[in-house]
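Both of the next two complexes hold chain A, though its partner changes from chain B to chain C.
The block that comes next holds the complex of A and B.
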């Protein structure tokens, strides 16, 4: 006897139809390739980036003729030579690199206790507060935050007004290198905390308790147990902060007062101020190379940390 | 190297002349029905402009009256002039319709576009018959750009910081009390040429020998000046961050309108005089090109110039304009030959060909 149609719900029939369509498009014999299919969007995205890089590489080997503002048909290494010999580019490269290293070190020092407290606290209220304080800056954005510092630290800002109340004359707190470093650390802190937190969560609390029961005080526990086990988090956070700081544009532009340019600012100038896209492209490639070398160095020395998804060297 | 010689499209020129003649006759006779012979009107034309009081003045003086006259809406695109340039260049190279109809641009930047061959020729605008020599871009063939006004990079200062009277020379800024209290453009634009004179050099030596300028700028670097762009100067004066700056008089005037006590002078070494202009990128449909040209033609009328440039406080290119009351006799609003003798004007061609090197040199000094 044939079953009543109502015995087979409509939603099931829709699902059957969808499965039929899926099977027609992607037959079962292709199932082993399914994971690779899932990778396709990422591969396409990276492929597009590579295409862009190839185009940038092509542009970087062409020189600008300032009588026609056209680029040469021939390739040359003139832009490479300029990038390596002009003092301006050496100064901004050195400044960017030193800043990236300082910001990474300071940010990791500040981020660790924050992440540790957030992970280990037994107070749900405190954990929520720390999470909100962590995510709030993400909703504000880098440029607005940098302008916020101008308002707070400017000559007529809140800090100078407070200093004025105790008789201290207004002082220049922004438009200098320390202000840029300060702005970058403040910007990078949430990234570092977010990268450190999973690594700290993965450290069993029992290990710290065991160290304590064997007579280690909190300093020895911290140095010999927590820090080594948190290394993957430090590596992941360090790489993210290092590369973001090295390539930053907005904070040096806004808090640097025009005299604390990073490499990204120099690239912008070449693309948009002097119309020399060839030299801008060369500087961009060199920045990519510098960042890649630094990251490679970190991976070689410390492993890939949390970025290796649990397969890091320990 | 690719070479390009700008040329005029005969079709567009003929079409334009026919339509312009029709429009001129119609205007003279007051016959609005002749519009039927004109190319189809676009719903809007897009004009790239600078923000703040700059675009407000353009809107009040040119765009609103153009819309009233033609019924075509004008949209102002506030993309930075430096950032729209590569987009327009890419559109023309790829034979796409450019993202704007008209670019309001510095003459130096516009000259780069003209040399690259991405600008339409504007020689056939009827109102060019009534403009001064200032409208003609120096060193270029025809009118790939129409200059619409001039401006001066003055020495703007807070009078309270100069109790002994206004500064007379750019060298006055080397006084140690101004350390950290000065501002210049971040590429040094406006300051290279007066620095050449203040450093003991000659203007005739530009661009061959500018060492005096670099020496003077190096001395100025010790004053730890702030480096920024147009909006920064107004903000810095308002927030009490600086006492003096080399900036376009419009920015200083804007700060004064906002209640800041600020004055400006042309120092004894002189001050750079330059121009801005309007141009049309290649690649527009014929009818849109026609109406874009009409917009620029309208911007060259005495009525439009008077309102537009009253807002900016700058001298125009149409004879008989009346200076704003607060700028009568002001060195930033030159009107006579004697006024211009105090100003430094270097051809756009020299500036364009050497600008990249000058910017790099200035930056290398200031970033060092």
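The block that comes next holds the complex of A and C.
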């Protein structure tokens, strides 16, 4: 018996010892609590976020006295009224919202063929290439990428130089709304592709072949089979792109050059430029509300998509 | 014997009406691997053809080429006399039942069946009636409103059949749709396929690796192996007159006895020797008969061998072998004996007893005698 025991490999005995220690610290009868224990870090992090939100809600109801630079002790909805009445904030809100909608639509249109090709291609080489091309921008980071666009699209940038060669006068390609939209689409594309790809993988290729044999050309196959079945992916990708675009900071700041502020930039200005934390907090809360309403609207209209974790209503 | 083969050949050709499908010298290369080699056959209208073969035999590739999902590397396929290699699937008049059915999960049973009619822009007013008629044909009347996932496996099969037939295609293709079903349901659906096919008279090509299914449902069987068509014949001829050793082995339970050809007669009689043993048989493939001195195999079905404890009981039979029972397998409707025969180097011969209750039972280790008639043993090179 003893000889047989020592014959076990060292790693097995180490594992046995570790399991023994684990059993002493966390006996088997505690096992039911294990999942909750593992959930604890996430719960703590979300809890902190909620605490922060309460703090912000508190701040949002206090007005800044511009003479003393002190916050009022009593609550008022003055910040709320300012946020809704000052034209600047309405312009910023409208600009963000329209941009988020346009960027979402354009990104989904561009992301679909990319994801489709990546999922359906028979060439492992092409699939790898598409995946790497997709992840490469993630390694660069948003700020550096936006700055890169400044270099490429600037007055002395590559694009204007190339245009100059064919006799076109330099054009102002940055610091305007289209430049921000362009930068956002380019930034969002990988997210959308990554959200769409699993939904497309879940559609059996045989279904498309079947639609073909039943008389549908590729357009009708796309409309009647692929699109309805890919809907969860579109909803998931759409929600992610919509919320990320709506709340984006770096792209409008860098490619907009201060002239194309989004809500996040306005909030930043309130916190760090005018130091009106009350108004900044109010704007932040309103952004949260706007985003929540949009996401709620999408879920109500189209279902939760891939974000329903497979528990779809259909 | 030669005469009998000729008679068979003309029998295969008789009753051929108009040809629905012609496969002519069709080949398919996948990166240098020949999945299908020089396949040719004709299929008359209204007949039920099964392409039978093991996995990797090229049968599914051949079917996908007929459906239009793949383009042949060489050769041509004709449907109703028209070359179709350049015609995409959606322009061919082909209904197909897929291996995993490929029903649309976001549609009801009726919407699935209506899909090909809508895609073919049939008169919208006639669609509901026609859908209901075809659902009734597959005995699913009243189930139209069900979602696909609310239907059982057998019901899903029926929806897939209705969807493939509702637009009255020239040709119905079945890509092993029964493979995933349990045996009872599979056998039920085989008969269902045959009933519907006869009722509508639609030309059908079925692909399967299930020899029983091929025998049960088909008018004709094409046996494929390693990309090549081995034999095309009616089920009964495929079984009784296999054209080569592969077909003989793939269909039925078959014993092979290897030997050397001693003599071949013009009548198709052949004898092979193995050591001291000499066995008489018939030439299996008259087109490619063995010659004296060739290595050859004698092929005998398990059900054509009689088993007895006493050699005298088998005296009327042409061939006899002594052996020892090494295993007995009770399969319900029959008993399978495995008998090791000393004369052929203790190779095991399998024998069926189809009426075990009426016959003497043998136990493992018992000495027995095997006997059969020379006309039942086919000899192949």
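One rule holds for everything that comes next: the second predicted complex is superposed on the first by the 291 of 314 C-alpha atoms of A that agree within 3 Å, B and C clash if a C-alpha of one lies under 4 Å from a C-alpha of the other, contacts with A are read in each partner's own complex, and residues count from 1 in each chain.
The rule is simple: a residue touches a chain if its C-beta (ideal position, glycine included) is under 8 Å from a C-beta of that chain, and two chains touch if they have at least 3 such contacts.
Since this is a predicted model, take the numbers as computed values, not measurements.
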- Message: Do chain B and chain C fit side by side on chain A in the superposed arrangement, or is it a clash?
- Response: fit
- With chain A's C-alpha centre as vertex, what's the angle to chain B and chain C, nearest 10 degrees? 160
- First, second, both or neither for A:225, with chain B first and chain C second: second
- Query: In the superposed arrangement, which partner chain does A:207 touch: chain B (first), chain C (second), both, or neither?
  - Reply: second
- Please indicate which partner A:81 is in contact with in the superposed arrangement: first for chain B, second for chain C, both, or neither. neither
- Message: Quick check on the superposed pair: does A:216 touch chain B, chain C, both, or neither? Answer first, second, both or neither.
- Response: second
- Which of the two partners, first being chain B and second being chain C, lies in contact with A:72: first, second, both, or neither? first
- Message: Once the two complexes are aligned on chain A, which partner has more residues of chain A within touching range, chain B or chain C?
- Response: B
- Query: Just chain B (first), just chain C (second), both, or neither: which does A:13 touch?
  - Reply: neither
- Message: By the touch definition at the top of the document, which applies to A:128: first (chain B), second (chain C), both, or neither?
- Response: neither
- Applying the touch criterion given at the start, work out whether A:259 contacts chain B, chain C, both or neither, answering first, second, both or neither. first
- Item | Overlay on shared chain A, then closest C-alpha pair between chain B and chain C (Å) | 47
- Message: If I apply the document's touch criterion, which positions on chain A are contacted by chain B in one structure and by chain C in the other?
- Response: none
- Item | Complex interface listing, chain C residues touching chain A | 67-69, 88-90, 92, 94-96, 98-100, 102-106, 115-116, 119-120, 147, 163-164, 167, 173
- Please give the residue numbers of chain A that touch chain C in the complex, ascending. 204, 206-207, 209-217, 220, 224-225, 228-229, 314
- Contact set on chain B toward chain A in their complex: 1-4, 80, 82-83, 85-86, 112-113, 115-117, 180, 186-187, 224-228, 232, 239-241, 352-356, 359-360, 363-364, 366-368
- Note on the structure: chain A residues touching chain B in their complex are 64-73, 86-88, 91-92, 95, 154-156, 170, 172, 175, 257-261, 266, 269, 271-277
